[in-house]
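Chain nomenclature is as follows: A, B and C, assigned in order of appearance, with residue numbering initiated at 1 for each chain independently.
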Amino acid sequence: MEPPLRLIAGNPLDQLARTLEALLVVASAPLPVEELAAAADDDPARVEAALGLVAERYREGRSGVVLEHVAGGWAFRASREAAVACARLFERPAQRNLSPAAMETLAIVAYLGPCSRPDIARIRGVAADSAVAGLVERGLIAEAGRDDAAGAIRYRTTPLFERVFGLESLSQLPRLDDLGTDAEEIRGRLDAVAEKRTA
Amino acid sequence: MEPPLRLIAGNPLDQLARTLEALLVVASAPLPVEELAAAADDDPARVEAALGLVAERYREGRSGVVLEHVAGGWAFRASREAAVACARLFERPAQRNLSPAAMETLAIVAYLGPCSRPDIARIRGVAADSAVAGLVERGLIAEAGRDDAAGAIRYRTTPLFERVFGLESLSQLPRLDDLGTDAEEIRGRLDAVAEKRTA
Amino acid sequence: MIVRELDLDLDAFEGPFDLLLTLVLKDELDLRELDVAGIVLAFLERLAEREELDLEACGEFLVLIAALLELKARGLFPDEAAELADLEPEAAAEELARRLAEYRRMKDAAAWLRERLASEGDRFFRLGPAPLAAKVETPLAPQDPEQLARVIRLLAVEPPQVSLEHMALRFPPVLQFLERFRAVLRRRSRFDFDGEVGRLPRIEQAVAFLALLELRRSGEIRIDQAAPFAPIRVARAREENSNRDERTVAWNLRSA
């Protein structure tokens, strides 16, 4: 362990920092700053400053409990160095055996959500019913109402998805434009094939 | 905050103490020493000693996270000085709303009268097991005998449901004359659409 | 190499290709759940293990997989098949390229997620309430009953019209063609495949072709074709074989 953080006794933020620690250890989901401020009955700007103290105390290498900003809020988790010990004790049903079909379905819902099973089947070329059911059961996606026109149930990713994948929000996903090949390039290849055939 | 605990860097128990912190922060129930030792892959006596370090670091007045020894083993809890803040945290989400799946399930049971899970799943086109379980837990629907044919448990709405929706009785539900004049007719209509949807 | 004995290990199906075809034809396996690319890969792998190119196997495979693909495409996109067909070739190519690009991007997004999960998988956190936290009940806010009516009305929304073309996909069981061809061969010793089924919809022709392969496999018939695209001539095999093999075929179909 590194030498512990020296907090000046009587630092006016100390008590707020301890309150935040308490809130974070009982919370069952990441807490946004506004929610922490409301519970601590304090100013959001002061809460942000106190979170800095807490983050310094609970960081990888210094502590087995680590503060992280994830899924739109702040949460405690286990340090990475303790992952093997944690794995011996706890199962992680959310991420067990995610098949390629499930991963593709998850990607489609994350990028295009809310979207329905027919939408997903359209892109994947394979019906997605069982993949969708599996992801719902794992809590990675959830129903988000029905499509007004066709009446199909639509799905979106859950905060658990962001937490499992370590994302602060969906905006942290890489931009679609930066992924894969664009339509122009594929079009070029199709044309090349067609020319060969007619030649 | 009191001056932080001075752990001698390189204390052989430090790493074990950090592992224990990690295990305790992800546990959802108190952990007995044997379980901690098995997960940390270490000796129970050493685990006891390391727990002493952890208890010293996480104690009332020093930290908002407090290590507590209860009947079932060891667990983290919030410090007493943060009790008011924690109470505010848990009181706040009073405006909880129903998920789309729960609302749909509830509407089906309210309009069609006693329905079994298979009935609901057929009409929705997707399983409703967790929605049904959630509504039962919230007391909005309750068991109402068994299906004549298949013997499946049927559910009906409760007086709490009527209170939450501000209804004196089910006859006050908004009319759905465009779909049918009684429960049987509406059920027939929904069944027909559901069949088309799966075709 | 016998195409129909090709061993498959797919998400939706595990077993020989033959059984898969039978299940599809008997409507016991949803074609929409089937990864056709997986079948192609399995075939190519098997092909690569051999030194020589087995032309007969390739031909048979192409016919079968094309039939499967067409069935599946129509099942998945009942409306769009017609939509694409209505487009000018130029616009159709553009649309196809757009869809392929979208598909590729999603494949890459899935790969990114997989890597992310691998690198973030050592972050453990608690799911659900803390061990010693007071159990809290979050009371429901007062609700508007109109929501219930709205939800039921959405459930009564008619799904998009399924094109009639889709109805034509209710394709006949392969057994029907087995019997039809046997009946023809009882009257005549040979017949022309196109002459017999040429006027049927393409889907039924595909099923008829499967029946033809089945009959040849069991030794009931001989098939001749002078050149590619030339008429397929079907002839009775020797009598003594047919009785025994008829039983085998019936058994195969029933047991599948």
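Criterion: a contact is a pair of C-beta atoms (placed from the backbone, for glycine too) under 8 Å apart; a residue touches a chain by one contact, two chains touch by 3 or more.
Predicted model, so just to flag it, every value in this text is computed and none were measured.
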Identity of the most central chain, Cα criterion: A
Remotest chain, subunit C as reference, centres from CA atoms: B
Inter-centroid spacing, subunit C versus subunit A (mean Cα positions, whole Å): 36
For subunit A paired with subunit B, centre-to-centre distance based on mean C-alpha positions, whole Å: 19
Between subunit C and subunit B, distance of the C-alpha-averaged centres to the nearest whole Å: 41
Contacts with 2+ other chains: residues of subunit B: 22, 25-27, 76-78, 86, 104, 124, 193, 197
Residues of subunit C whose C-beta touches two or more other chains: 124-130, 133, 155-159
Subunit A-touching residues of subunit C, taken from the complex the two chains share: 11, 30, 32-35, 76-77, 80, 93-94, 96-110, 112-114, 116-117, 119-130, 133, 154-160
Residue ranges of subunit B touching subunit C (in the complex, touch as defined): 22, 25-30, 68, 70, 75-78, 86, 90-91, 93-98, 103-104, 106-108, 110-111, 123-124, 138, 140, 164-167, 172-176, 178-179, 186, 189-190, 193-194, 196-197, 199
Subunit B residues touching subunit A - in the complex, by the definition given at the top: 1-7, 9, 11, 14-15, 17-23, 25-27, 31, 35, 38-41, 63-65, 76-79, 81-82, 85-86, 88-89, 92, 99-101, 104, 124-127, 193, 197
Contact footprint of subunit B on subunit C as seen in their complex: 124-134, 136, 138-149, 151-153, 155-159, 162
